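Shared between the two complexes below is chain A, which has chain B as its partner in the first and chain C in the second.
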Partner chain A sequence: MEQRTLWSRMMSIDRRILYLILAVNIVASLMARVAIEPDVPPAVRNFYETIEALQPGDMVMVSSTWSAGTLAENQPQFEAVLRHLMRKRLRFTIISFSPPARDISHRLARRLTSEAGYVEGKDWAHFGYSPDIILAIKGMSEDIAQAIRQDVRRAPIQQLEVMQGIKSLKDYKLVVDITPSDTLTAWISYRPANLNIIYCPTSVMAAEAYTFLDSKQILGMITGAKGAYEYEQLLGIVGLGTRFINAIQFSHVLIITFILLGNFAMFMQRRTQA
Partner chain B sequence: MDWIQEFLPLSVERINVWIGALCTFAIYSILYRENPFYRFFEHMYIGLAAGYALGPYLVDVIYRYWWEPIRADGIWWLAFVVPFGMYLYFIYNEKYGWVSRLVIGSLIGAYAGLTFQAFSSRYLPQLQGALSKVLWYPPNATGEIYLSTLINNWIFVIILLSVLTYFTFSFEHRGAVKRTALVGRWFLMIGLGTIFGNTVMARMALLIGRVYYLLDSWLMIRVGGG
Partner chain C sequence: MFDTTQATWAAFWIIGAFVLFFALIPLLQTLPPRGRYMLIAVFTFISGLFFAAEFFLPVNEEGKNILTDPFQRLQGSLQVITALSLGLGTYGLIRLHLRNAVQRRPQWGYSLVLLIAFVTMAFFSVWNTLAEKELLGVQRTPLLERAFTLLFDYTLIQLDATMFSLIAFYIFSAAYRAFRIRSIEASILMFTAMVVMIGIVPLGKFISDSMGLPTTLTDEMRTNPFMLENILYNLRLPQIANWILNALNAPVQRAIEFGIGIGALAMAIRLWLSLERGIN
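On to the complex of A and B.
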């Protein structure tokens, strides 16, 4: 019978044991009260300062196209952004370009705005679901009331108090794109020239957006739940990003350890066999 | 006892949370092994997602953009739009398949026009950004330029040129061009590695989100962090 070495045993660990270790690690780090000082990257700082530079009453469009599948990454971003907008007493409207995103963003926004004393229709509005982002942006750039017609509660757009003095996207100061899909390129391509964009992608999408940051087509970016944590630190609030960050960091340390151990064991096993 | 009272699914809100926890356990049971419990919930999830989308389609698209303008504003010609869109289904008919091409042609024409506009607003600023990189200290510099900025700009230009060389197929890669293209390929690999690393972070965040839900909403353990 072939003698099993430590290295061959390491190479054949049941994957379910690794999953279990990972789960225990996540539970432990979620419960841990460890504060890790963030090193806030320039993209997040610029994101924060772009909103800070707006004046009370300025209008912001929140493009919210995420749903349950990326809730853990986009919800912390969405909550932190809305809190920041309300702290600055900005007016905002939300629009969704995927069907499930409409209700999730509307429900969350209603909860957050009621906590801050914002009134739907007066201080903010939700434009509901729009099936085609390009046509929606081009239509809103000309005439929002004509392009959107009704908010999610079926109230006519032109009768909403929040839309006083707003005719088209040209009257907005900023777009915040919170998304797990490729909506950013549509905003960049078809927005009015004076409209600035800041971006909240999932981690998967972030790497491709650095070219837009470099060319100043977007002014700032917060990446996934980690970016939300860094943003929350600038805002001085404890949100979902702050609650998730320990688990994110410790789970990455664990995965890197697994990768190193696995490679080391494979290397040693080959050496032993040779 | 109070905790148990609050924990049990005795209210609509708690029943929702319990269903959420059950779905989470069912979906993650695949990590242990393939099982019918997982299969059932997987199919249910797909079915729910597809069915759920129907509501916003009817309310926010058909009602808002079609029915209301015809009914309230009297824009009668919109009545022809939906039947025209439905011509697409002629694609399944051998004899009248050509009718579907009317719709397809309209769509292609519209989106081709939109793409021209997108090209200029999407790529020209990037081109301008790439060409206006400062690569040395200007002799009469009024603004402050850090050494780190210069180094970053040089790295940017080297990567840009080497990757562009890799994608140049007009002539055979030989000598210096071949070596530059090889460097470009390595930079591409590093870029793809970054995207993959971010993917791991995204997937991990999704798992953490579900564990947080189980602890915070289901078990009602207030978790901290940070």
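On to the complex of A and C.
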């Protein structure tokens, strides 16, 4: 029977041991009180400054199409964005393009707005779930009351105090798209020309959006929970992004370390065999 | 306030859609395969033509053409189709697992768990929606509040998040086993990935600061790209990571998206003209 060397053993570590190491690393990182100041990238700074440039009372559409699967990345973004909007005393409406996203965003928004003294229907509204994003955007670009009709509580759109002076998306100043799905291209293609977009994707979706940042079709972007942390630093708040960042960065370090270890073991194994 | 006229119309449309749907199935079954194919092809072509024409026809000062209003009304029809497909899916799921449980097929216990979970969640979700929208006089009660919070916030959301989070463990294991430097291309890929992974997190800034690299870009550095400080500033990990994402990643993504776009257009034309073999 062939004797197994240290290197061959290293190359075939039981996956359960790897899972345990990662789990311990994540738990320890979440508990660690290490605070490293970020280097805020231009995309996040532009995201922040786009909202800062708005005037109190301006209207913002929050397109929230994420569910529990990407909660760790999209919830920090959602919370930080809503806090910023409320700090600036902006009016906002939320719309979702998947049923679970409607429930999650509505429940979260109710909690956050009640903390800030925002009243549903007066300062903000949730338009509920719309099955087709293209039709919804095209419809809202013409007449929101006609396209959406009722908010999530069945209150007629035209009777909502928050909608005073707002007929269509042309009267909005900004769209914030928070999503792990491909809703951004629909917003870019079908929004009214005067409506600016800022984007909150998950980390895996961010790479595709750099073309839109480059062409200024989106003005800013916060990438996953890491982006939320950088954004929270600009806002001066401690949110979920700040709590998650150590787990993210130390997991990156762990993955890199193990990839290097695996390659070193492969190199040594080949050398031993030669 | 519940609008009875609106409710009557809604009921009329829903019943009408169901009658039409269930009448169409036997009608389609009686047709020979060739006739069935032609009928579907004609409907597909007309529907596609409608959407294409709405997009391409010239618009007036209000941004509308002759098809804009019917196009808006289609949103309601799509909701009906979505609801119908959801109903069909639910029916199929219940039928399959009910049969598994009743006939005690292998692993019938899982089917039973699914059925119990489905019925419990559906019951409290419908109750919660009725109470939330004040329909049929249903009121919110402490039992409903507790049960829905337990099922939705503390069970469904957590399970969903857990399922997705498991991917991190698979990625870690797969990266360790499969990411081997066996060629120049693999080396470049691994080096780039490592720089981006560290450069985009705060640790990248920490390492660059610890190495004594300049932290800010002064006006003088901007005007002179060959200045040593400028070169050193651009060697900071966050700067390298941003450069990779903006200067290398973005053009490649654009090229890929162009390719996908052309492919999608070709596929759309094939589907529209019923040339795709899948629907024959």
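To be clear about the criterion, the second predicted complex is superposed on the first by the 273 of 274 C-alpha atoms of A that agree within 3 Å, B and C clash if a C-alpha of one lies under 4 Å from a C-alpha of the other, contacts with A are read in each partner's own complex, and residues count from 1 in each chain.
Note that in this section a residue touches a chain if its C-beta (ideal position, glycine included) is under 8 Å from a C-beta of that chain, and two chains touch if they have at least 3 such contacts.
In this text the structure is predicted, and so the values were computed from the model without any measurement.
Asks: With the two complexes overlaid on their shared chain, look at chain A and say whether chain B and chain C clash or fit.
Replies: Pair status: clash.
Asks: Counting only touches as set out at the top, which of chain B and chain C does A:Lys226 meet: first, second, both, neither?
Replies: Touch partners of A:Lys226: chain B and chain C.
Asks: Regarding the shared-chain residue A:Arg243, is it in contact with chain B (first), chain C (second), both, or neither?
Replies: It touches chain B, and chain C stays clear.
Asks: With both complexes superposed on chain A, which partner does A:Ala136 reach: first (chain B), second (chain C), both or neither?
Replies: Touch status of A:Ala136: second partner only.
Asks: Tell me which partner A:Asn263 touches in the superposition: chain B (first), chain C (second), both or neither.
Replies: Touch partner of A:Asn263: chain C, not chain B.
Asks: Identify the partner contact of A:Ile104: answer first if only chain B is touched, second if only chain C is, both if each is, neither if none is.
Replies: second
Asks: Go through the superposed model and pick first if A:Glu208 touches only chain B, second if only chain C, both, or neither.
Replies: Both partners, chain B and chain C.
Asks: Contacts for A:His252 in the overlay, against chain B (first) and chain C (second): which applies, first, second, both or neither?
Replies: both
Asks: Let me check the overlay on chain A: which residues of chain A are in contact with chain B and also with chain C?
Replies: 19, 22-23, 36, 69-72, 100, 103, 130-131, 138, 207-208, 211, 214, 223, 226, 229, 245, 248, 251-252, 255.
Asks: Can you check the complex and tell me which residues of chain A touch chain B?
Replies: Interface residues on chain A, with respect to chain B: 16, 19, 22-23, 26-27, 29-36, 69-73, 75, 99-100, 102-103, 128-131, 134, 138, 149-150, 152, 185-186, 188-190, 202-204, 206-208, 211-212, 214-217, 223-226, 229, 238, 240, 242-248, 251-252, 255.
Asks: In their complex, what parts of chain B are in touch with chain A?
Replies: Spelled out, the residues of chain B in touch with chain A are 31-32, 49, 52-53, 55-57, 59-61, 64-65, 68-69, 114, 117-118, 121-122, 125-126, 128-130, 156, 191, 194-195, 198-202, 204-212, 215, 221, 223-226.
Asks: For chain C, which residues are in contact with chain A within the complex?
Replies: That would be residues 62-64, 68, 71-72, 74-75, 78-79, 82, 132-134, 152-153, 156-161, 163-165, 168-169, 171-173, 175-177, 179-181, 190, 194, 197-198, 200-206, 208, 236, 238, 242, 245-246, 249-251, 253-254, 257 of chain C.
Asks: Could you please specify the touching residues of chain A with respect to chain C in the complex?
Replies: 13, 15, 18-19, 22-23, 36-39, 41-42, 67-72, 100, 103-104, 107, 130-132, 135-136, 138-139, 141-142, 146-147, 153-154, 207-208, 210-211, 213-214, 223, 226, 229, 245, 248-249, 251-256, 258-259, 261-263, 266
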